[in-house]
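Next up: some structures, all given as structure tokens.
Two complexes follow with chain A in common, the first pairing it with chain B and the second with chain C.
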Partner chain A sequence: MSSANLIRVALGAYLLIFFSYLLGPLVVMSLTAFNSSSFPTVSPWACFSYEWFDVLFNDKHIRDGIYYSIVIGIGTVILSVSMGLAASIVLTQVWPKLRSTYYTMIIAPILIPGVVLGISTLVFWDRAGAFFGATDGSFLYGLFHNGIFLTILGQSSFIASYAMLVFVARLQRFDTDLTEAALDLGATHTQAFRKILLPFMRPAIASASVLAFLASFENYNTTTFTIIDYKTLTTVLAQKVRLGINPSISSLAFIIIVLTIFAALAFEAANRNKEHKLAVKKGKASERKSGILPSFMTGNPAAILLVLLAFVVIVMVGTAQKYSPETCKIEVREAKQIAIQQRIEQLKEARRLKDEAKAATQSDAPAAPTTAAPKNSGAFGNVFAPTNLSDEDDAAPKAAPKDGNGAFGNVFDPNNLNSE
Partner chain B sequence: MSSGVAVDLENITIRFGDFTAVRDANVSINGGDFFSFLGPSGCGKTTILRAVSGFLEPSEGRVLIGGNDMAGIGPNKRPTALIFQNLALFPLMKVWENISFSMEVAGASAAERRKRADELLDMIALGGQGDKLPSELSGGQKQRVAIARALCANPDVLLLDEPLSALDLKLRQHMRTELREIQKRVGITFIYITHDQGEALTMSDNVAVMKAGVIDQIDTGHNIYDDPSTPFVASFVGENNVFRGKVKSISGNEAVVTTNRSGDLLSRITPAQVGNLKVGDDAMMFIRPEALELAPTDADSKTTITANVINEEFEGNSFSVFLEGDGGKMIKMSVPNLGQDHISARGENLSLRYDASNAVTMPAGELASE
Partner chain C sequence: MKKKMIFSDFFKNNGVVMGTLLIGLVSFWLIFLIILPQLSMLDYSFRFNLPPAEVGGPKDVYTLSNYEHLIYGSDSTHQTYNTVDLKVFVRTIIAAMLVTIFNIFLCYPLAYFLGQSKGSGFVRLLVVLLIIPYWINEILRAFALRIIFGDSGLLNEALMFLHLTSEPIDFIRQDIALYAGLGYAYILLMLFPMYNVIESLDRNQIEAARDMGASWVHIHRRIVIPHAKPGIVSGATMVFMLSAGALAAPQILGGPSSLWFTQLVYQWFNDSLNWQQGAAYAIVLLASTIIIVLTVMKIFKVNMGDIGK
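Up next, the complex of A and B:
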């Protein structure tokens, strides 16, 4: 093998590891959403099931959480994008000597821990309410102690800085002569801003909005303090983790992943289409024949995979109404029952043999092979079986009641693998 | 078409902190004139333009457009339109939208705007190109769009800030003539900023030559070239040979200068400095390369220079002969190409003569840096 080949193989392996590290958890989590097992797990695969999506959509807390997350997200986008835009424009106008100081001040909220921002938002607006003489029950008091209002303010205080960074990058390429030209041609300052600067900033406003919405949607540190009696998705999830989770969280994650992939695909396809049209207009490319799928989707393995995944999702959504895992679940339950029965039979048999052996002779020679027989049936030679920890002699009688009573319901017991 | 409106600058001084960009400028520009400010970069000519267009207020003095004081009137209220050095076409708007922007902000309907834009596009010979984006046009076309956009605002005064500097040489020469044509057609006042003396001399009715914030001379291109009033103007506009010395005698508007390298030489005192020059003063005498010619043997010694040839260059329509000059500087002589093989040999000692009326003398002063 030549060294070039070796490098290629090594690179391939590295990429494989890298992407498994990156995407593996997402894949596993997505799979758990379809397992009927009541704990998010893949390996003891019970039944293919959509029930967790039902659970998710019927969970009022999660529904409320998503709703408020979206409301707060939209509020934060509006507030932080306008504040960020204003801040970035001021940065270009401010006296040069003041510029670095101003920049540091504006950027500081990014460096302050979200927890601190959350607490200080809460305290500040409470004090502000007291300062304005808002008494309990008045409108102002209600506003300053409203979780949505405070969360939008709290999140915007640092998300505006992110937005500003996006705008500053775009503004650096703005030719201020354009504004002067507009003024010179009779435009008012407002017209110059609306007709010249704003159209120029539009792409930056779009990306800052997406950034702000995502940052708001996934924020926990600040939100947990400012949300008070409302809840967002993140606070609901955090609560659920504390109280024990079920795979409905996985199904939510799956939906988010799928939406992201769809959005990314649509965006990319639209972009390519636009570029292609421009190239056609300039006469640099020929009109596309099929016109349905951009060429990158037919030639790129990753894109093909994504398209396939999208297809699978569509099929799944289509079948979800008709498919019922009940028969499978009953089968699994029956299989479990049978396995338990068998286990009990085995144990009974073992005890009977032991008793017989005891009764027949006082010698312990034949006892060893009979007790060993069921123990070695596990995949790992039963090293994890709880019975290993106890004495050889009374192992068998104790094993039976232990089944299913372990700290984790014996999910790690290799015997479970056999029985299902 | 609107007729031109006069622009007057009265004692304009513009300061930025401790720095004085323009010092006590007095200019009066006739309506309908093509007026140029000529000077090296950093001399304050763009600052003057910005004061006229309203982007900055002069620290002292007044700007009058058509006799009206412009103090406190913003750029969007002044009857001026500025063509920027980089043109500043709006990149996201189509060409016709660019041209009719001034109508858009005034609230004109789209149909009206389109009609006017198409008229102007025809005028600048870009008919049918209105739906393109500025990025799809060539440099010269963008230039013309910028002019059309400024004219669309029906300004009384058009201000041009080195608009040709980004173009290549051929296009620049073509646009000079075109600009002059447009100016004659629309008849409005043009104020033109440039550091290129060729542009200033070919296009302008009047030229103001500026040096470090001070206007040295305002005159026609012809007079600026022939009768420079200061050593700076003499050395900045066109090529010139300088001879330093002391005034020996004065009679009327002629003076004899005892030059450091060529003895006593006779010349005209430049009109602006007649009466300012006295016997014994430090003086500078300037002779243009094309005013020098090979001297016959019986030439008057007061208008004759002798020097050793350093180098000779063939320039197509003429030969440039470089001779040893004053303090390491070279004397340049320009000889028309009438079919000669060469003018001189390297190291040859040449006698050159000139007409006293083609040489000007003025008090010594600062020269333009090269």
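Up next, the complex of A and C:
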């Protein structure tokens, strides 16, 4: 009994650790989107504010990046889904002895590092341009050095493998007799493909397209080499993060996280609804009684959560129009100024006491400078709590500049200039 | 002769229009997007970095100098080794292996738990929670970790608040943030293949073993792990290849002085504009990772066909 309990506790602790490793960083990042501090952080919490969303929406680079990401995503979906579908159909018909070699070849791009794919695409099309004798300024040269064209090709080379895997799973359940029957009845091969195989593959095509679009949208390693003059959302983000971070990136992340949760909940809710309807049909479950909630929500926690989330988002957007953190910001700024003053006083005091102590030891009269540390620092609460607590007993000047850096390093952050 | 028959069969099965379309798409993919680009990169890596006017001229000959640079550096007498780049290379490979092993141990219990407890609402919730971070951009995930591991980040504030440390720890310079970020970035690619194979394991096998008196360790060693082997190896392959080839996480979370091998490739391409040198480095990365993966697959007797299931 107790060992079973022990296992259960261990499992709970393990799940907790795993999911906090997985989700904790995302939660913290989302929170930083609402802190008015110009450095993405949660612990000296300044003011609740929506201003970083404003900064985000007014950022031209990010808007351009999203636009090109979508264009490239659509191109990649079309190319990679059709190549993946063709490859999976060929896989079902290929000569058995060739089959494993062929499979290795079409699965390999998943395992090739994205950096290598990007470089090889770039090098190959540059070479192809030279081979065709395309000179600078000609159409072919322009095409083979066009970031969008190259990125679509580079991304499709491995995303087609993902699509292929989705199709192979679905094709295994396809009954080839259906196609043969259609052919016997006089359909052409093209008609049989269009009327029989394609409708059967439609769910797989839909999921492969979503997968391909998302994979393209978030790809960085390949894109960063092939994109050349253009930029996608990921390359813009990478550049921003490397140059200096500010919370508008957190606000973008927050939006993406909310959208993902929306999609996941909607998918789950639709699935449950379908399952329930199936169960009703088979007579395994009773028709839902229409209670207070609309019928699609009863017994479907995902749907309830979905509606709640939508409500929260609407409330947030609504308050964002009216809410202004100005008063709070002024207060924080004043508090900061007072804190700086206090700090300076404290340092002066410490230096004075030290000098006195020195004088005292020199004159052989040991005055006790034990209560040297000023008490008033407590008033600023959590803002400076960690540093204050640690150097209460020796407010030595050498530690001071360092602390200052950590505690109100924001003041000197160049990003401040943009926000204020 | 035989080949001809295969092709004619293929066109008989699919019709001329569809057959041509299928063959055309597949060969475009294989030839123009995979094989020729890799070959031209290989070719490039054996050439000198010449100004455009001299390309194709008498100086445009094959050379090993790009590979020699990785081993000996710019020293042409081959007396000293290029310790900086070689160290980065070795570090990248070893760190990627460690990240992979860390992920195997972290994911196995969860994959087992999810795979064996079927259908309950709690498990479904956990799966949804797992999928959410999977679709968040790699860069944003690295950014999230940077917020936590930064100088005045949450982790340092928490440690100082608890009096575990008096000075902020520089997680970024010590590469702790980088390793945590790499483990974080690809953990789900380890989890899902493992989960898929463990889910297909018949529960009765475990119960039977338990009834016969097998210990907990025995059950895992003799039943679950052998059954899950293809999933584990496939997940490990993906995580290893992706972490060795990662670029975003090292760029965002790496310390200023310590580099990842892909960053060297990136520098040759984008900063030094020496594509030939960059291509040689990329070939070294590709070849060594593939050799390692194939060796591991051979040791554990797993086929290529198990990957991606």
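Convention: the second predicted complex is superposed on the first by the 299 of 420 C-alpha atoms of A that agree within 3 Å, B and C clash if a C-alpha of one lies under 4 Å from a C-alpha of the other, contacts with A are read in each partner's own complex, and residues count from 1 in each chain.
Following the convention adopted for this analysis, a residue touches a chain if its C-beta (ideal position, glycine included) is under 8 Å from a C-beta of that chain, and two chains touch if they have at least 3 such contacts.
All values reported here derive from a predicted model rather than from experimental measurement.
With chain A as the common reference for superposition, the partners chain B and chain C occupy compatible, non-clashing space. Of the two partner chains placed by superposition, only chain C is touched by A:Leu252; chain B is not.
In the superposition on chain A, A:Thr188 makes contact with both chain B and chain C. By the touch criterion defined above, A:Leu178 reaches chain B but does not reach chain C. Using the contact criterion defined above for the overlaid structures, shared-chain residue A:Phe200 touches chain B, although it does not reach chain C.
Of the two partner chains, neither chain B nor chain C is touched by A:Arg8.
In the superposed three-chain arrangement, the CA centre of chain A forms the vertex of an angle with the CA centres of chain B and chain C, and that angle is 60 degrees when rounded to a multiple of 10. In the superposed pair of complexes, A:Met105 makes contact with chain C only, with no contact to chain B.
Here chain B and chain C are compared by how many residues of chain A each touches, and C touches more.
Remark: least CA distance from chain B to chain C after fitting both complexes onto chain A is 9 Å. In the superposition on chain A, the residues of chain A contacted by chain B and by chain C overlap at 188.
Those residues of chain A that touch chain B in the complex are listed here as 175, 177-178, 180-188, 191, 195-196, 199-200.
Those residues of chain C that touch chain A in the complex are listed here as 6, 10, 13-19, 21-23, 25-26, 28-30, 32-34, 36-38, 40-41, 44, 55, 106, 109-110, 113, 121, 124, 126, 128-133, 135-148, 150-154, 157-158, 160-161, 163, 166-168, 184, 187, 237-238, 241-242, 244-248, 251-252, 262, 265-266, 269, 275, 278-279, 282, 285-286, 289-290, 293, 303-305, 307-308. On the chain B side of its complex with chain A, the touching residues are 53-55, 74-77, 80-82, 84, 86, 88, 90-92, 101-102, 104-106, 149-150, 153. Every residue of chain A that touches chain C in the complex is listed here, in rising order: 11, 14-15, 18-19, 21-26, 28-29, 32, 39-43, 82-83, 86-87, 89-90, 93, 95, 100, 103-117, 119-124, 127, 130, 153, 156-157, 160-161, 165, 188-190, 193, 214, 217-218, 220-221, 224-225, 233-234, 237-238, 241-242, 245, 249-250, 252-253, 256-257, 260-261, 263-265, 268, 301-302, 385-387, 389-391, 402, 406, 409.
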